[in-house]
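Some structures to go through are shown next.
Same chain, two partners: subunit A is paired with subunit B first, then with subunit C.
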Partner chain A sequence: MARPRLTRDTLWAALGTLGLDRSRWNAQDPIVRRATAVALWLAGGIVLIGAFGSFNWTVFAAAAIVFALIVPPYAQLPLGRFVLPLAVLTVAVTYPFYLDELFGWPIFGPFPAMNTMVVMMVFVMMALGLNVVVGYAGLLDLGYVAFYAVGAYTVGWFASDQFSQRDFRFGSVGVSPQVTGIHLSIWFCLVIAAIITAVIGVIIGLPTLRLRGDYLAIVTLGFGEIMPQIARNGNELFGTNFNLTGGTQGITPVDAPGFGSWINTNVGLPDNYLAPSSQTIGFLSDTVNVFFWSALVLVIFTVFCSVRLRDSRLGRAWIAIREDEVAAAAMGVPLMRTKTWAYATGAFFGGIAGAFFASYKSAVFPDDFFFNISVFILCMVILGGMGNIWGVILGACFLSYLDREGLANIGAWMNEKFSLTLDVPKYEFGIFGVILLVVMLFRPEGLIPNERRRAEFETGVHDQPLYDVEA
Partner chain B sequence: MADLLRAEGMRKQFGGLVAVNDVDFTVPEGSIVSLIGPNGAGKTTFFNMLTGVYKPTAGRVFFDGSNITGKPPHAVTERGIGRTFQNIRLFQTMTSLENVLVGMHTRLTGGILRSILRTPGLKEEERQAGKRAAELLDFSGLRGRDEELARNLSYGDQRRLEVARALATKPKLLLLDEPTAGMNPQETREFTAFVARLRSEEKLTVLLIEHDMRVVMGVSDRVTVLDYGEKIAEGTPQEVQRDERVIEAYLGSGALAG
Partner chain C sequence: MVAALGTVLVVLLLLWLGINLSKNPSAFLSASLIGLTIGAVYALVALGYTLVYGILELINFAHGDVFMLGGMISATFLIGVFGIEGGEGAMTLWPAVLASLLAAMVICGVLNATIELVAYRPLRGAPRLAPLITAIGMSFILQNVGLAWKGAEYVRVQTPTGGTLLPHGQVFSLGGVSYSWNKLIVVLLTVPVLVVLIWLVQSTRQGKAMRATAQDKDAAAMMGINVNRTISFTFLIAGGLAGAAGLLYVLYFTQVRFDQGFQLGLIAFTAAVLGGIGNLPGAVLGALLIGFIQAFNERLVWHSPGSDWTQSIVFSILIMILVFRPEGLLGERTPEGG
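Up next, the complex of A and B:
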């Protein structure tokens, strides 16, 4: 592209007047060059944080970690490909311990608080699920929120007093003996939710996946609208007085996760996340931290499955379908079955995410499942880079952070600096729109693009439909 | 020789246009049969009906003893018909090796659970598949191009990769749709020899759509000529070359000399 080169040329011209020569720079070892460039960027960042943020020593620690991770060529080492994931994982797992020490960013303010982090992890999981459908198989799904809703309501049914005419409990924690209803352990509920959502994914997929492109998008949009309507009006299903979803009031309270007293006494894991007993291991007694670590485990599970599937026979078939449906079918890829698997897989993870979130919030409300959430998750996938797991994680973290904290922080900063009284979070979707526009203009393949996707953006996919194809 | 493929009364209508009209057609096992005809004669439509891409308006297709009429493309491929496309349809942003591996889809078994768990059996299967794919690339003349993205291959190599991908489906019958289009004479000669090798070494039956008469006359056992969707002649290359309707419709007087 012409634009960055232009800035680079100007920069070198400016440096030339100071006696720095470009050809000598290019003659250096690539590692030296990368180290210098990264060091300069980091130094610039430190100066900015020093000037406008709340500065402390952790800035240097963070810069050192980033430097150590980006610069050395780990990829050339044996097992080097595990270095970056493990380092990121370590940083994430230990986050609650050093959060309070961290410096603050200019404008954005402090790092996300723990409850924001939990929500971010939930959205990462959902975005990764949608990434299977949109990023791998190339099926535009505008109704992904439906799966999120099904997952959440499943927990609502199996871990609350919603069906108070029954009284059944199995492994539930923190439920008072007076309360009736079905109370299963949240861990079972996650599994049940995942399976039910995957089945719903297949049911929705079978009629819709026969369509392609725009038609598919519109039908999924329809399903995304139907689901919250069912949720909203499901308190008197078909006039039978059977209360399925609690209507506009939703289902509340939903049970909390926990490992029960036996594991608590013998292993030390919290018996009940909301009220851990004194036998719980010290650092596992903090409610929001254990929610965060649990969410992180689910995210790791999702990433693991995503990677394995991407590199499998099924993953190849998904990419083949995205590239050219007719050729894929002619090479023996059953279109319907393969697409339905993508749908079911995406739904599976969406269901787990929804179920976990419902338990975290201890509530399920129909208003949480409207169309804007589908778009929100799709934005995460597109912004980060469709098909690339790192990109999708980054996109999901960034957008859900903005949604929960970032915009409010930016607003507070603006109002104070310029003595305004703007309610910035109100302009949320406008701001997201602008972000998406900017990304599409300057980096249409996403922040961290998938190699293949980058190639597709350069040449375009040639999918000339042959209209009679049925799978 | 028994017939590997038998098509009876094949007809395809697009609205008011009859693209293929009442064509009977057989491919004996172990033979190389060519389908020729002027542009728009319905050759590719006929191909698409055989492979399930189009549903025939009327007619039946029998392959290897079973009726495959109206079966979806992947089921036809699974039964043993591999094909290439007239306008190359590779998976452009996948590597050569991955393209061939997609071709093996029906011959591999890895399901969703086994893929996630990556069981020893699956690992072994994937290893074997990779090895076989590399062999196929070798056989098709793409040695050392395994990791190249399909879109970065030269035109001739893309054609070869299409054949390698079709071979990966383990076909009994290979359908080649104008495989030498755009090749230079040298490449065409090599390709003709390659098709002959497919029959002798891989024991394949080949059905060829072709414009280049040297290829058709050089390798075919039988030639069928379509014009305006109708079969106007059928026979050995020599018989067809002498047929007056063929000369009139398609070959022109120059072809007799060639």
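Up next, the complex of A and C:
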């Protein structure tokens, strides 16, 4: 289905009157064409930043890096497919070192600060987890926040003084000897949280995955509403006086991550993220940077798993189910087992992300787990491009940036320019609603589309599954 | 196994109700009367869900928010336009209430039909997830419309002393429990709306077109039914019901806030599923049951979980119904079975 390209055609008509005909452009070498196009776009960007942003030399450096990454045809080189991911990774890893030098965008203002970056990484992890469920397997999960909550509360239980009648510690850091409660090392907690969340995912999934797409959506939504209510009312569970979740007060403080004193002395990694000792390697002493790099490691792990899963037998089974459940079943794909795996995998990453976030914030509050968050994460997956890992990362970064800093900056800019007194962040979810609507209507395949997904949206699929196909 | 489990649950529920009845009959009775009233409001919203689901197989997440806006529109008309403060004579109160009802129904109906035009119609051929996602987006947009319009506080529809605008004198008294006028009025306004709706769907040409479209859009189009117009009409009706529910809600509960529509919409959707989605009498039955369940849960004395758990209970019912008996209580899977 070819779409009319009105702006593009008008542009070429205008250039044609200047003697630059489209056929001459098309006769050029593809590399030259690409280089010219990218250079023009970047030049336009530089002019805009120069005119409306806060301009300095880093603009040119950034433009040069983007140019060098986009233009050459790396994919044709041996091992070339690793160039772009590795370059992006390098840019991300070194981000704390050059952040202060960077230029500022028009309207959006400065680049995100480090603590925003940590949150962005956490949401990237969650979005990638949801992408397995929604993007790969095509199961709409509206209760993903439940898994996030389970992960966060797991850390709350195993790494805080919540169960103060017990006193058990294993590898925990920075817990004073007077404090009781269960204190495991955060790294163990991440593993435990991931496993518990995956098991919960299976438990939720087993009875419900028989249901059709939209019924599944509503059931997951139901679970997503029940979980925070249990969290809110769990300080006196059914009148037993057993304080499971701390009620509306939540669980706070939660222990910080750290590698302990032995690794600190011998390797130099920080013993406690919040208060690294003097033996820590210099640049690892900054708390928020270390959190950022840890989150980045978790993101890399998630991306690696996502890529490998997508290309595995299981991943192909997910895509088959997404495209045509009946045909997939007829080809011998075990529906229940495959769907349950999708659920468990998505939940797994959601659990890790929730656990890490709880440790970073040093708190777990039931108010963090509203339905809004489920939609927020869904919005990231849809905006970025369902099923495309890079798109989902981009969508997650952009939306969580908007959530933490962007909308406030935009609002401040608007209020100053047009002398308004609008509280833009208040309408955050309205804006996300508009994003959902606009993306679904005009570009359902997302910013960076997955080719298969795009084809499905343009030609349609047979997604009217049988009602009661059993595995 | 599943059937046995379900039976056990139902028996336990009945046992709990029975013990409560014997322990404190007046609390039981007053809870029942409140349940009937809440159920009547839910029924109007649930019918909207069931109508739309029957015809498009789409869970219209924005429906609850249309209902919320209906409440706000009614509040604007009752307070802002007609200046009702409570305690007026019947000749002032009733025309104002009926005019507000009409305004809320018309505005919400047009709004709902517009939502269909903008957000669902362009996605008719797309995968099923697509309109579901735009529905969620629309729901958030409507919530923010409410937020921008009326702010984050409750919109109050009450007398200066904080009571309901409706007369709340006693209609009759039963075992020491009085049934007040404001509860009766909610039911009295609901019943004619339901009767008209059922007449519309079952006995008019337009209703026949709706049922035909719900059964098979292609065949209906071949029989000369304008499918798009029928779908628009269905959304118009559903929106009108939501508007009526909004008016009754603010009259009975005296307040509405921008984020209440979504929650209540989910409860009403549960009611529609409970009765058998696509089935009009089923939606009413389910809504009454959910209303009773909510009232019993919140007001019975002996071992009731309390209002903290209402949502969890309702959603547990939803999940159990979907898992064990997805066709609902009244059992028909054919859409628009009413």
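The rule is simple: the second predicted complex is superposed on the first by the 461 of 471 C-alpha atoms of A that agree within 3 Å, B and C clash if a C-alpha of one lies under 4 Å from a C-alpha of the other, contacts with A are read in each partner's own complex, and residues count from 1 in each chain.
Convention: a contact is a pair of C-beta atoms (placed from the backbone, for glycine too) under 8 Å apart; a residue touches a chain by one contact, two chains touch by 3 or more.
Bear in mind the structure is a predicted one, so any value in this text is a computation, not a measurement.
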item: Fit-or-clash call for subunit B and subunit C when the two complexes are aligned on subunit A; value: fit
item: Touched partner set for A:Gln76, first subunit B, second subunit C, both or neither; value: neither
item: Subunit B versus subunit C as contact partner of A:Met331, first or second or both or neither; value: first
item: First, second, both or neither for A:Pro207, with subunit B first and subunit C second; value: second
item: Partner chain in contact with A:Ile435 - subunit B first, subunit C second, else both or neither; value: second
item: Which superposed partner A:Leu140 touches (first subunit B, second subunit C, both, neither); value: second
item: Partner chain(s) touched by A:Arg316 [first = subunit B, second = subunit C, both, neither]; value: first
item: First, second, both or neither for A:Gln165, with subunit B first and subunit C second; value: neither
item: Partner chain in contact with A:Ile226 - subunit B first, subunit C second, else both or neither; value: second
item: Touched partner set for A:Asn26, first subunit B, second subunit C, both or neither; value: neither
item: After fitting on chain A: smallest Cα gap, subunit B-subunit C, Å; value: 12
item: Contact residues common to both interfaces of subunit A (with subunit B and with subunit C); value: 456, 461, 464
item: Partner subunit B, residues of subunit A touching it in the complex; value: 304-305, 308-309, 312-317, 319-320, 323-324, 326-335, 341, 345, 451-453, 455-456, 459, 461-462, 464, 466, 468-471
item: Subunit A - residues contacting subunit C, complex; value: 134, 138, 140, 142, 207-208, 210-211, 213-215, 217-219, 221-223, 225-226, 229-230, 232-233, 238, 371, 375, 378, 382, 426-427, 429-437, 440-441, 444, 456-457, 460-461, 463-464, 467
item: Subunit C residues within the subunit A interface of the complex; value: 57-59, 119, 122-123, 125-134, 136-141, 143-145, 147-148, 152, 262, 266, 269, 273, 305, 308-309, 311-312, 315-316, 318-319, 322-323, 326
item: Subunit A-touching residues of subunit B, taken from the complex the two chains share; value: 48, 51, 53-55, 72-75, 77-78, 83, 85, 87, 89-94, 98, 101-103, 105-108, 110-112, 115-118, 126, 149, 151, 165-166, 168-169
